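Note that the chains are named A, B, C, D, E and F in the order they appear, and that numbering of residues resets to 1 at the start of each chain.
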Amino acid sequence: MANPTLPAILYEPIVRAALAEDLGRAGDITTDAIVPASHRLTATIGARQAGAVAGLDLAIMAFRLLDPTIQVDIMLPDASRVRPGDAIARISGPGRGILSGERVALNFLGHLSGVASATAGIADAIAHTKARITCTRKTMPGMRALQKYAVRCGGGANHRFGLDDAVLIKDNHVAVAGGVRAAIERARAAVGHLVKIEVEVDTLAQLDEALAAKAEAVLLDNMGPDTLREAVAMTKGRAVLEASGRITPETAPAIAETGVDLLSAGWLTHSSRVLDVGLDHVG
Amino acid sequence: MANPTLPAILYEPIVRAALAEDLGRAGDITTDAIVPASHRLTATIGARQAGAVAGLDLAIMAFRLLDPTIQVDIMLPDASRVRPGDAIARISGPGRGILSGERVALNFLGHLSGVASATAGIADAIAHTKARITCTRKTMPGMRALQKYAVRCGGGANHRFGLDDAVLIKDNHVAVAGGVRAAIERARAAVGHLVKIEVEVDTLAQLDEALAAKAEAVLLDNMGPDTLREAVAMTKGRAVLEASGRITPETAPAIAETGVDLLSAGWLTHSSRVLDVGLDHVG
Amino acid sequence: MANPTLPAILYEPIVRAALAEDLGRAGDITTDAIVPASHRLTATIGARQAGAVAGLDLAIMAFRLLDPTIQVDIMLPDASRVRPGDAIARISGPGRGILSGERVALNFLGHLSGVASATAGIADAIAHTKARITCTRKTMPGMRALQKYAVRCGGGANHRFGLDDAVLIKDNHVAVAGGVRAAIERARAAVGHLVKIEVEVDTLAQLDEALAAKAEAVLLDNMGPDTLREAVAMTKGRAVLEASGRITPETAPAIAETGVDLLSAGWLTHSSRVLDVGLDHVG
Amino acid sequence: MANPTLPAILYEPIVRAALAEDLGRAGDITTDAIVPASHRLTATIGARQAGAVAGLDLAIMAFRLLDPTIQVDIMLPDASRVRPGDAIARISGPGRGILSGERVALNFLGHLSGVASATAGIADAIAHTKARITCTRKTMPGMRALQKYAVRCGGGANHRFGLDDAVLIKDNHVAVAGGVRAAIERARAAVGHLVKIEVEVDTLAQLDEALAAKAEAVLLDNMGPDTLREAVAMTKGRAVLEASGRITPETAPAIAETGVDLLSAGWLTHSSRVLDVGLDHVG
Amino acid sequence: MANPTLPAILYEPIVRAALAEDLGRAGDITTDAIVPASHRLTATIGARQAGAVAGLDLAIMAFRLLDPTIQVDIMLPDASRVRPGDAIARISGPGRGILSGERVALNFLGHLSGVASATAGIADAIAHTKARITCTRKTMPGMRALQKYAVRCGGGANHRFGLDDAVLIKDNHVAVAGGVRAAIERARAAVGHLVKIEVEVDTLAQLDEALAAKAEAVLLDNMGPDTLREAVAMTKGRAVLEASGRITPETAPAIAETGVDLLSAGWLTHSSRVLDVGLDHVG
Amino acid sequence: MANPTLPAILYEPIVRAALAEDLGRAGDITTDAIVPASHRLTATIGARQAGAVAGLDLAIMAFRLLDPTIQVDIMLPDASRVRPGDAIARISGPGRGILSGERVALNFLGHLSGVASATAGIADAIAHTKARITCTRKTMPGMRALQKYAVRCGGGANHRFGLDDAVLIKDNHVAVAGGVRAAIERARAAVGHLVKIEVEVDTLAQLDEALAAKAEAVLLDNMGPDTLREAVAMTKGRAVLEASGRITPETAPAIAETGVDLLSAGWLTHSSRVLDVGLDHVG
């Protein structure tokens, strides 16, 4: 599979915004007061925890927007797995730029690697099955494209990116439409030929209705392994099946082994812990 | 103490950006296809978990930017404590606006309440001491002002907001300056009279040097309770003392009982879990 | 089918930008010099040509951003068909706001209605078939979401909105991958479960390969009616078939009658003529 | 005459916006999946139709913002005339950047060259007269400066750029002021010494009034050649005369031959067809 | 003459930006800590110095963006003359919004009224002549449209607003073109019919050349009254004459009495003193 | 003391905005018409007045954003003192870029050097005392960070940057709180440990109350030298003392000699005159 990519022109605005947010109205008053402009540093961006890397290019951009003469050698690019102690990149240049950019750079790298690592944790746990781990729209405001990219770096698959790129019919929609079938039909009549339709169901009866109406994907909400297995059997490959609800590295294998295609977990993007990364100064 | 505040003009841009991020280029194609423009809904924004509320005004703004006719009654405003099942607010109006805004609204409310709740968890654990819990610059890019506000909602105190509003001298600065005292003196000569100077120290010898140089605050990095107690005794109130490193609801009491003024924890803003909040439709 | 919608929060920025572009650095110096602030006007926004309406809400927003006291009654909302002489809306209020906003308002309404009308012209010509008319990514910079919305107002279906919401494999991709099948397989391995894959083909042999690789849609580029008919027969409903190349109201019926699902035309958005609309002052 | 110019700093924002609009939240998922990062391409940007070039620098910027290593050789810069088959520029570099940027680049180049070519069509038709072709404020929202530049590239002259840089008194203004003379006098009293005053007239009597009031330019709206000739005779060079209404390559010569100074046509910017340009891959 | 106007949509962005600049990342921490949300204030915006008012609508917008419930009564709108002690407006509403907005509001009102007052000082001094006072492009970055508006409020006339809305040929241009006449001819060939051409001259010989080439305006740089009088005599009304250099209320009458049309002064916008205005709390 | 610094990423947006403001919708029509693209210039940026330099890097950025091939040699960087006739920098490159950027570049350099020079004038006058000159929040909208930086370049110290980075209790706050002590206590309870508290007092009794409540700084408003001397004696170094009101180079020495720590003057940023700088073309 191709490596995950994200065009720099898409993330440059948020890196600039994050620097402006941290520099405020006077810049790094500590470093400017203490570190001479001529002082040079070399440092290693290192992992202090096992996981998967995401956001390294954003971290580098943060440094280089402060000082374009900063040089970076990448050892472990995005989507790499890291072990504690691994050097992800080496950075050298004017000390002011490196010290002033450190926190913003690590905030991007730590958070996005955290999302990637959480994803990788599930991906590893279900690697023996055909299922893949996917994300949701429960993301940090302003960070969705980055977090979705981090999910790809961790080996996950992306769910829809917004309200506009796929139909996802939920319980409220079904209630208004008066049933799963009616909801699917209204959606199909309204959207273009490149838009897929997924519907969330609570019961196998609803699944049956969704399959009859030719939904392209069905989200099986909070069903146990036995029900999921039955759903897989009923579906016979006619739709992509996505299981959601309480997906953790511990619960994932049993769910994935039911034969569903996807496991989705909101916490990857709304509640994952940062990956512990730091700048170790070597001179 | 005054309730935490944040002017709406400061967060309106990020709410607009979050809506644009979610609506993409075609809006909520599912809801627009299925829910008639005339359909009206009433729903409750409820807590499914205990914690502290933050971000309710942003959630409301998200709904009302989509449809200004949506009405909201607030039961538990920001900074309130909630128990599972509590209704935080009641919302009613056109169903399209409510359903289309739900995810963005809950993304703000869930994340910021998560930060507030994590803060409150520590604040409660150390309520029997004079110490307060505070945050760091380890924040989500673009979300710093909001996360700092959420810390206040949870009963915490804010650390500096950026590189520009206070001096924080770290080990690299000390190394470049050639010592704690030299670093403090360089900083004092450079900054205005309303800027405080804090210095991070690893040893009591460094603390002594910092106190001699009249640092206004000292960050005691990763010291155990015994050393912290010694630091408090040495300091005799001459500087604010902040303890950092592995602060959790479990470890916090012993640290706070040493007599330090502040406990700081980066994870409040970089790794807190979302507070589980949801929209329950009542009609 | 639900009426086309577009959230106001998505188009407010471009309406503001268009006003700023026209008002420049001094505003409407002609009107401000000649028309007293107290002067009031009533006017009709009328069609001088047959077509379909799109962009009326943007036109109204343009007026009301200049003067929120301007009142508007809508007679023929977006997606309505109009005949020459029809009144689309009636507007009344301070003359300055109406005269200063007239050009920006009509630029939006005229262009978007032009796109809608061009679409409607094809849609009408193929109404006796199951085929629908669709658009492309050949759009005016900055206007894509609006133009796609106008296509919906004219009775057309939307193609993908950008490079990110569906796969469209073109000849260059096929050349790099070494064949239609290889290209489809690389794409399928990389994208999420809600992303459809379309492939552009020049020959029936390529179509066969695309069907074998289970492409969800196939763009048949510049094929004549006989070949298209053959393609439809070969496909047997296994993929959505889209015919492109020289689609006009005159050529469209013969192409649509071949049994393809979609006709796509770039000129709807890159070369359609404005619909002639104007402001007729009634007092 | 100097070649038309437009500072890059003015159009960089719209090029960035157009790329963001097309790349969406995940970038070019087709190309990223299929084309290896190491793959290099060389291509020719060629004209498939006769016309005039405009927007080449924007097209190049689109490519180079995606990948600064892309190299471009310009054969036919903006304002050049092209014949079908002419190579406008040659581009080479990483295939991903070239394929991902192709549509945005061609959207700018095609549309602006379309405006330039439409302008050139009229300019050529009236080249035997002293008259020049000019544009209006009937432009695409957000594109005015670019479209006006394209008019210059096609050999046309620019009319005012907005409501603020010249006075143009229209029928509504005349009605409010109570006459052409009164309107001109109100305007003259209000504007600075570098602002010219033009007035739109429907009759020769109004023209007489405008000349008496020393209008610097008069727009003769929808007058036939005989009336225009009479207007020219009456004016005796005291004002610039602009003829408007149904200006096409066919009608233009007779109008220009009346001796008017300018022919203005809104359709150049609101309804011109794209110039057919494409990327031909040579390796 | 019509009262000076400026559309609110043009200045709303800078008022928002100024508030964001002042509120920073935590808002008005002093007021929020001390003033209860329920506290209400009434205050008068008063002049402590004689001058002319400009910017009152921006000041009001600053308050009302913070709190839309704040009410304002205007006594002396923009372009009014004020004496020390005059009440310009009365404001009442929640004390927090009033106190938090005070500085931003007064920064706009004080600076723009300062520009207006400086302009009025010259305008008054030359009121017995036909000459008018005008401004330059020597403005505060980001404030040009506002400062030009303030010049109008003070009774002055506006010079060009930027490099694009009129030709102003300076010594460097003359040097490159090889003379005043050549420069004017190059300019005339390049610009549209609504663009006026002004040329800066140092000598009467250059003035003669400029008149021969039919420049519409001539800037007479740093000439004494005798030379200016000679210039007026030579010109015989064929061009607008603008005198520049060391224009103060003291020097202006003698210069204006020479018969020139305009006096221009850069210091009105780059070096005028603030008008002393303040908020007097009455309850 | 370290030289004043300001990260380029913070001022790039305002330099871009200032260029856009000046270039308008058509760019520098005069220069583009008259100066060939191949014409090259060399020029000196020179001081015509004594003062202190600030803003040179912004001026250079203005030129180089227009044409990155423009070369600049800096002779007298920011914070340098200049005498009339001094060359600040030498610039060479394409004449179009230099002439088109001249005004924006000089607007930044002239204004910011004006602020720096005004500051330096006071700083020199009180150099024999321990007192320093400081600024206020009475700044030009949008220019605060730049003006504060210019104050540093002139040898001054910065006061708070906004409403959020320090507490400054004014008379209205005292009135609402019911006294100086109560106001200080409310503030102390609300703000973080890195936020200093300053209070403005009108009388020595209020000073006493402020010292008792341990305010970290006290602003002594409009007190004469005798009272200030008494205040210094009372304070005994327990708080930073700031004197404000009518600070000029003439009045400053007597005030500074009272022993206060700071003199603050709003006019440095709201009413300073531009430093006269110009571009002298040498070839």
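Observations on the structure shown:
Heads up, the rule we're going with is that a residue touches a chain if its C-beta (ideal position, glycine included) is under 8 Å from a C-beta of that chain, and two chains touch if they have at least 3 such contacts.
As the structure is a prediction and not an experimental result, all values here were calculated from the model.
Comparing the chain pairs C-F and A-D, the larger number of C-beta pairs in contact belongs to A-D. Comparing contact pairs by residue number, the interface of B-E is reproduced by C-E among B-F, C-E or A-B, since over half of the pairs coincide.
Spacing of chain A relative to chain E, judged by their CA centroids, is 52 angstrom.
In terms of their C-alpha centroids, the spacing between chain D and chain E amounts to 32 Å. Separating the CA-averaged centres of chain B and chain C is a span of 44 Å. Shown for chain D are the residues that touch two or more other chains, namely 2, 21, 23-28, 32-34, 36, 100, 144-145, 158, 161-162, 164-165, 186, 189-191, 195. Here chain F touches chain A in the complex through residues 2-3, 5-7, 9-10, 144-145, 148-149, 158, 161-162, going by the rule given at the top. The residues of chain E lying in touch with chain A in their complex are 21, 24-25.
Across the complex, chain E meets chain B through its residues 16, 19-20, 23-28, 32-34, 36-37, 65-66, 100. Contact residues of chain E toward chain D in the complex are 1-2, 134, 157-161, 164-166, 186, 189-196, 198, 216-217, 240, 242, 261-262.
On chain F, the positions that touch chain E within their shared complex are 14-15, 17-18, 21-36, 39, 41, 95, 99-100, 103-104, 106-108, 110-111, 114, 137-145, 161-165, 167-170, 172-173, 175-177, 183, 186-187, 189-191, 195, 267, 270-274, 281.
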